[in-house]
Amino acid sequence: MEVELQLAVENLLARYVHALDDGRLEEWPEFFVEEGRYRITTAENLERGLPLSIIYADSRAMLRDRVSALRHANIYEAQRYRHGVSSVLVERIDARTVRATSNFQVVRTMHTGEAILFASGRYLDRIRVDAASPRFEEKIVVLDSRAIDTLLAIPI
Amino acid sequence: MEVELQLAVENLLARYVHALDDGRLEEWPEFFVEEGRYRITTAENLERGLPLSIIYADSRAMLRDRVSALRHANIYEAQRYRHGVSSVLVERIDARTVRATSNFQVVRTMHTGEAILFASGRYLDRIRVDAASPRFEEKIVVLDSRAIDTLLAIPI
Amino acid sequence: MEVELQLAVENLLARYVHALDDGRLEEWPEFFVEEGRYRITTAENLERGLPLSIIYADSRAMLRDRVSALRHANIYEAQRYRHGVSSVLVERIDARTVRATSNFQVVRTMHTGEAILFASGRYLDRIRVDAASPRFEEKIVVLDSRAIDTLLAIPI
């Protein structure tokens, strides 16, 4: 077990979800390397090897476009999200890259006060760790459920 | 990243929620310094800068009064609470104090067996870390929802 | 605080829940020592000192039987489970054994996409830590609720 590495990955995940939960969407692309890949899919699609994605992006530029779309549609402001991330497993791939698997769940609270379990699943991440601040090379969000209840897919 | 400090803060938070979830309310004030401040508010109030609080206390003595009131009203015994705390970010303020931000959610189980998501939100903590055992100088519980469903506000 | 020990226990718990959530039930007995004990009970039973258990096993062989029964009944395949484990407190018992207390909750997602909070509670674990890979000597799953909604009790 590499103690520093484990905590550095947990710290990246913590900063990532706090940015989302605080509504600081503009910071979201900065958690990825320039050619970083982001995908939201379902466990069912992943198991069947289907390439279907709810969101797919393979650069920071695409992530920034997604943020613009969400801001333009005023989608993100109507509710609050709260992530819980746990059971983070870190595995070295090579000197500069690690694989991280973790569980997440997201609670959504509406303006009315009503709270629901919005999503649960796994993060399958490949993380560049050789720089001062680690970043995602690839982040795959695997939802347990088939569908999520939003008009426009949001970052998870 | 200061490894020991990170784990010391996570350990404080873990001991805190286990005391609450085990119903050991009398230990609750002991997690604070003598003049410690505790506040439960909502994200909405905090964003608008409103001083409204669901609970406000600025000393251990006030926290002890709250515990007495809860014991007297037999409020706490009627159900079980289960906290999940995650994504703990620790930042040094100075040699003896840190700021810690984390996500929490609380599940409540009634005697009938029915379980609901009782609360979710953020802990915004200022923690004294120079003593053998770290304690809260200030703990602000920021609820995602506007209201919580209890007759008498309980510690979270 | 023993940093390595804390993270080794968290890592065991993380591998344990990922095995369950991934449906790799055959790996479940391997997280226990040969004479390992596993019990699912309720907080109510535990407080009253009642020996009632929803599952009780005191060897890997019994755990393997349980897995066979679940596979035979096709119970486990019909839904997905997602564990969240947090607030892990580790205490040394002796040179080769520790006690670990943690909170968990499990979300279940049906094939229809419907997700519910399936279970919440505490893990009370005694863990052998002197070998290369730590294992459970005893794992007691204490449910907050009186009952869980399954035809055949599953590992938690």
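Every chain is named by a letter (A, B and C) in the order it is written, and numbering of its residues begins at 1.
Here, a contact is a pair of C-beta atoms (placed from the backbone, for glycine too) under 8 Å apart; a residue touches a chain by one contact, two chains touch by 3 or more.
Since we're looking at a predicted model, the values are computed, not measured.
Interface residue usage between chain A and chain C, two copies of one sequence, is largely distinct: under half of the residue numbers at the contact are used by both copies. Rotation relating chain A to chain B, from a C-alpha superposition: 120°, rounded in steps of 5.
A straight line joining the Cα centres of chain A and chain C is 27 Å long.
Counting partner chains per residue, chain A has residues 3, 84, 86, 117 touching two or more of them. Looking at the complex, you find that chain C touches chain A at residues 3-4, 7-8, 11, 13-15, 17-18, 21, 80, 82-86, 107, 109, 113, 115-117. Every residue of chain A that touches chain C in the complex is listed here, in rising order: 1, 3, 6, 43, 84, 86-89, 101, 103, 105, 117, 120-122, 144-147.
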